[in-house]
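Next come two complexes built around chain A: one with chain B, the other with chain C.
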Partner chain A sequence: MLRRACLWAMVALVILWTAFPLYWFLKLAFDVPAGAAVFPPPFYPTKPTVASLATALGFRYVDKDGQVYLPSGLARQVRIGLLNSFILALSVTLITMPVVTLLAYTFGRLEFRHKNKLIMAVLLVVALPPISIIIPFYMLFLHLGLVGKLGGLILVTLTVTIPLLTWMLIGFFRNLPRVEALARIDGLSRMRTLITIIIPMAKVGLAVGSMICFLTAWNEFTFAHILVTGTPATTLPPVISGFLFMSPQPTQLAATVLYSLIPPFLLAYWLQRYITTMNITEPIVR
Partner chain B sequence: MTELSDLQFALLVTLPVLLFLLVIVVFPLGYAFWLSFHSTRFVDGARYSFCGFDNYIAAWQSPGFWNAVAVSLHFAMVSTVFTLGIGLMIALILARIGRGRGFIFSLAFLPWAISDYATGVIFRYVLGGRSSIFTTLSYLFGFNTRVNLLAEGIVIEGLALGFAWHLAPLVAFFLLAGIRTIPVRLYDLAELDHCGPWSKFRYVTLPYIRYSLFVFTTISCVFALKTFELVYLQTGGGPGIASATLTYFIYKESILHLNLGYGAAISLYLLLLFVALSLFLYVVWGRKEV
Partner chain C sequence: MSEIYVKDLTKRFGKTVAVKDLTLEIKDQEVMVLVGPSGCGKTTTLNCIAGLEKPTAGRIFFDGIDVTETPSHKRNIAMVFQSALLYPHLTGAQNIRMSFKAQKISREEAEARLAQVVRLLGIENELDKLPSQMSGGQRQRVAIAKALARGAGVLLMDEPLSNLDAALREELRSELLVLQKQLKTTMIYVTHDQVEAMVLADRIVVMQNGTICQIGTPNEVYNEPLSTFVAGFIGSPPMNFLRGTLHTGENGVKFMFQGRFIDLPQRFRKAGFGYQEGQQVLLGVRPQHIRLLPSSAEAKLVGTVYAVERLGKENVVTVEMLSGEKLKAIAPPEIQFHIGDVVHIDILLDNVFVFDAETGQNILSSGAMATNRIVTVHAESS
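Now for the complex of A and B:
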């Protein structure tokens, strides 16, 4: 009995560690602007309201006391940011997944010369900080007229997602049952084996991969910050840093961050169940 | 139809992708390499002039650079200790509750799905002096002081808390997967031998997760050296330069001051640091685990 109580106390600690920082910040989204200025900061919203959720998106909000909350100045940016982030994440996922499926399959299941060196090149890109490769891309995009364009940002984001997802899927493909030889005996070509046998077997891994890819693109900050801040191609992350630095509005900042957290909230359940099918801890280079 | 060999097939499917990788690896690195040997001036557009190793030497002699190296290494070390420690604790706790509790597992995993920048914003409010939870607690218990975990002297540990909050769930879930492969009878045998909780962990659990611990130590070090938005949004490298990591230093030089060559030279130093640190971890630890 004591042991059970002890265990649940520890579980409570895990929940507290995870949820409390989120709560402490997101409570601001449900407070009035004056409440965010109260010192010392209170545990609950001083006057619970959804005003900031509305004003951050550009709606006028009138509460039941007749208090009027005007739309935020960055609301237009938030709206196009949400839309652009969604387009970016979806396009990047649609381009990345077919490419990494081929790559990870090849690296995970075929033997050929120089394989390990190629894998190391992929891993090197996973390790590269975006901040050190942004200048070359910025210069290139300046020539191509891609600065401030969503297409340019999609291209650059692919340089993050393709290596990352290849790395995550190599171990997954390697651990699938070895059935190619059987399929080949039945007379299927390599491409057909891949499409009709391997990919259906791999659908869990590919689904998890797509979610990680979507989130990675949705969450990408550095490239977006430098390439599209303040343009019509802006995504949500630079808008959020705008709320933080250009017009410090804690309640609207929290409301915008809350909107940006919708995909992580929706995907966390599937990700926690299937994340370990990715085998990223297995030795990749053998 | 003639059959393709493994190599031919591999080439066929990967050639377009290899070209793409060539563009995304070789182009930016090559360009950065070229830039690092040039100095830039911005009069009527950009002017580049060859300057040999000047940028590398200037960085080597700059106190700001060495501060950034020290801050980055300090941050990577503390972050990794926090991440692995907290990740291991979460894994050990979750291993004892059944699989059926999807809600708790989802919640515990959630921080990894949240971006670095949102983590930065959240922890800026949770730890920063005026709005920090610790300030509220200090007023609640009558100490009436502001408690700022992002102040000089402790800022790196403060930043590392946010980093660990974000990355520890990933570590925890992989360690958990390892722990679940341990046959229960090993624990029963340990019980027979009157092993305490520590001995059980040390002699039964640990051998199954040592390799994962090594991999995540490497991953955590690399990600900590690589992170930029966490520092940018939480402290802006401050107070002063107390949390100006190498990535932040590169941002300041390349983007804000437009010293493109100098920034590129420091990027290449950072790349060297990645390689050196990974090799070091492999030699002192990883070699024994594979």
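Now for the complex of A and C:
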């Protein structure tokens, strides 16, 4: 009985630990600007409203009492950031997934010389902290004129997502049933086997992979911070971090954070049933 | 007609040799079972015949035509894989239809074949199910149906029943045999289960380390094993081997074991049975040819009961001899043996084998391996 009580107490603690900050900014996002200044801070919005959600995006909002909320001065940046983040995450995912499907399939199911060494190379790139390669990239991009360009950021982000996703999906591809022999007897070519048999079989893993890829690009901060901050190509993470130095309206900041959380939330919700069925914890190198 | 001739097949994976200089002829409508422990090269041989592996050296002929370079789907074969391999994202019917993909047959023909295999294997209820929704036996039936739907002359089976429980395995085994006779296909069947091999085979190929130890009918392999390996592999519980020496005595050949002489029967006196005085040999005795007696004047060997396995119709008794060697004997269930009992061991000498201790070759049939080899010369096209 005591054990059970202890267990639940721990669970409650963990939920509180992770969920409370989330609740706190949600509370702020739905409060009026004045509510954020109340001391001691209340545990619920002083006057629940969606005003900050509207003003953070640059809309004027009038509530039913006739109170007028003016658009945020940072709204333009938020809108550009949202749009750029979306373009970045989508293009990175669309480029990464076909490449990674081929790579992970090759590493996971085919035997060739130096395979383990090449897998170790992929792993090494995954293990490399992005910050350690940003300076060479910056110098290179200066010469190529890619600094401050979304295209440049997409290119750099691919160097993170492709190894990461390859590494994650190798084990998944390897655990699929060995149907290639069956397909060969049925007379399917290698490419046709991959497209008509393997990819449909692997759709769960590929869906989860796409999600992880999209979120990695969506959340990518280090490269974006160095390469595109303050330019028209800026993405949402550097925009939000930049706000901290501009003493923003707390409720509008919370609303912006809320916007940045919507895509991950939707994706995770949509794909949650796949995540557990996908085994990505298998060791890769044999 | 579907004859297969494998000539000097060698397959290497990097430095390991999986199959070494293997020559094998499979006759039309024959059930040939390749049997051996894991890693003996039986599956690799099958994959080479199927065209899934490219031989390092050697040729493969189907009906006298060299198919070594022919891709799998253009060979006259169908294959059932280990653990009932099916496309997991396709239903039973879709899986079977995949067999028609590369074949140029009309829609009517395809549907007729589908209907035929469905009827043959009784899988009407599996057609709309995914493999994951079928039971092991059903999945195996669908996999066999899918293979049969190709209408190929040769059916290749790679341990198809190994993942089923014993009862289901026996049921499908006899069904397979009936199907094969009905469809008159040639069948090559790979298994590590010697019982399955004995039941199914017209001829058995016993393999070890990538080479053939013996080819023969189940009877030949069981009654005239060429080596200790074949003798030990075929038959359950396995054959016992007693290490001793051969000597000439007044009544013919004598086997000396632990200081006692045992007279070998008449057939060891025939011409051609060559041995040297004092040659080290292994006496092979099947468990059913050992009688255990509570006490006996004529029995020459004594041991103590080490373990008793009760199988109902018989008991398998393990006896530890004074030298520490262990023998397995089959005893009728009426006789109660207890661990630690002292028993007298009576060997039914009419059924023993003598193997050379060094080479493991059966002394009576040494040289027989050469005559058993296929010497048929094939008209090699090209």
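By definition in this document, the second predicted complex is superposed on the first by the 262 of 286 C-alpha atoms of A that agree within 3 Å, B and C clash if a C-alpha of one lies under 4 Å from a C-alpha of the other, contacts with A are read in each partner's own complex, and residues count from 1 in each chain.
In this text, a residue touches a chain if its C-beta (ideal position, glycine included) is under 8 Å from a C-beta of that chain, and two chains touch if they have at least 3 such contacts.
Since this is a predicted model, take the numbers as computed values, not measurements.
S.K.: Could you say whether A:178 touches chain B, chain C, both of them, or neither, answering first, second, both or neither?
M.R.: Second partner only.
S.K.: Considering only the touch criterion stated at the top, classify A:186 as touching first (chain B), second (chain C), both, or neither.
M.R.: Touch partner of A:186: chain C, not chain B.
S.K.: After superposition on the shared chain, which partner residues are touched by A:68: those of chain B (first), chain C (second), both, or neither?
M.R.: Touch status of A:68: no partner.
S.K.: Let me test your reading of the model: by the given contact rule, A:39 touches which partner, first (chain B), second (chain C), both or neither?
M.R.: first
S.K.: Using the touch definition from the top, say if A:99 reaches chain B (first), chain C (second), both or neither.
M.R.: first
S.K.: On chain A, which partner touches more residues: chain B or chain C?
M.R.: Touching more residues of chain A than the other partner does is B.
S.K.: Which partner does A:2 contact after superposing on A: first (chain B), second (chain C), both, neither?
M.R.: So A:2 meets neither chain B nor chain C here.
S.K.: Quick one: classify A:253 as touching chain B (first), chain C (second), both or neither.
M.R.: first
S.K.: With both complexes superposed on chain A, which partner does A:131 reach: first (chain B), second (chain C), both or neither?
M.R.: After superposing on A, A:131 lies in contact with chain B but is clear of chain C.
S.K.: So in the complex, which bits of chain B are touching chain A?
M.R.: Chain B reaches chain A through residues 1, 4, 6-7, 9-11, 13-14, 17-18, 20-21, 24-25, 27-29, 31-32, 35, 86, 89-90, 93-94, 96-97, 102, 104-118, 121-126, 130-133, 135-136, 138-140, 165, 169-170, 173-174, 176-178, 211-212, 215-216, 219, 222, 225-229, 232-233, 247, 250-251, 254-255, 260, 263-264, 267, 270-271, 274, 278, 290.
S.K.: Report the residues of chain A in contact with chain B in the complex, numbered from low to high.
M.R.: Residue list for chain A touching chain B: 7, 10-11, 13-15, 17-22, 24-25, 28, 39-43, 99, 102-103, 105-106, 110-113, 115, 118, 121-122, 124-125, 127-137, 139-140, 158-159, 162-163, 189-190, 215, 218-222, 225-226, 237, 240-241, 244, 250, 253, 257, 260-261, 263-265, 267-269, 271-273, 275-276, 280-281, 283.
S.K.: Would you mind writing out the residues of chain A in touch with chain C in their complex?
M.R.: 177-179, 181-188, 197, 200-201
S.K.: Mind listing the chain C positions that touch chain A in their complex?
M.R.: Chain C reaches chain A through residues 47, 50-52, 71-74, 77-79, 81, 85-89, 98-99, 101-103, 150.
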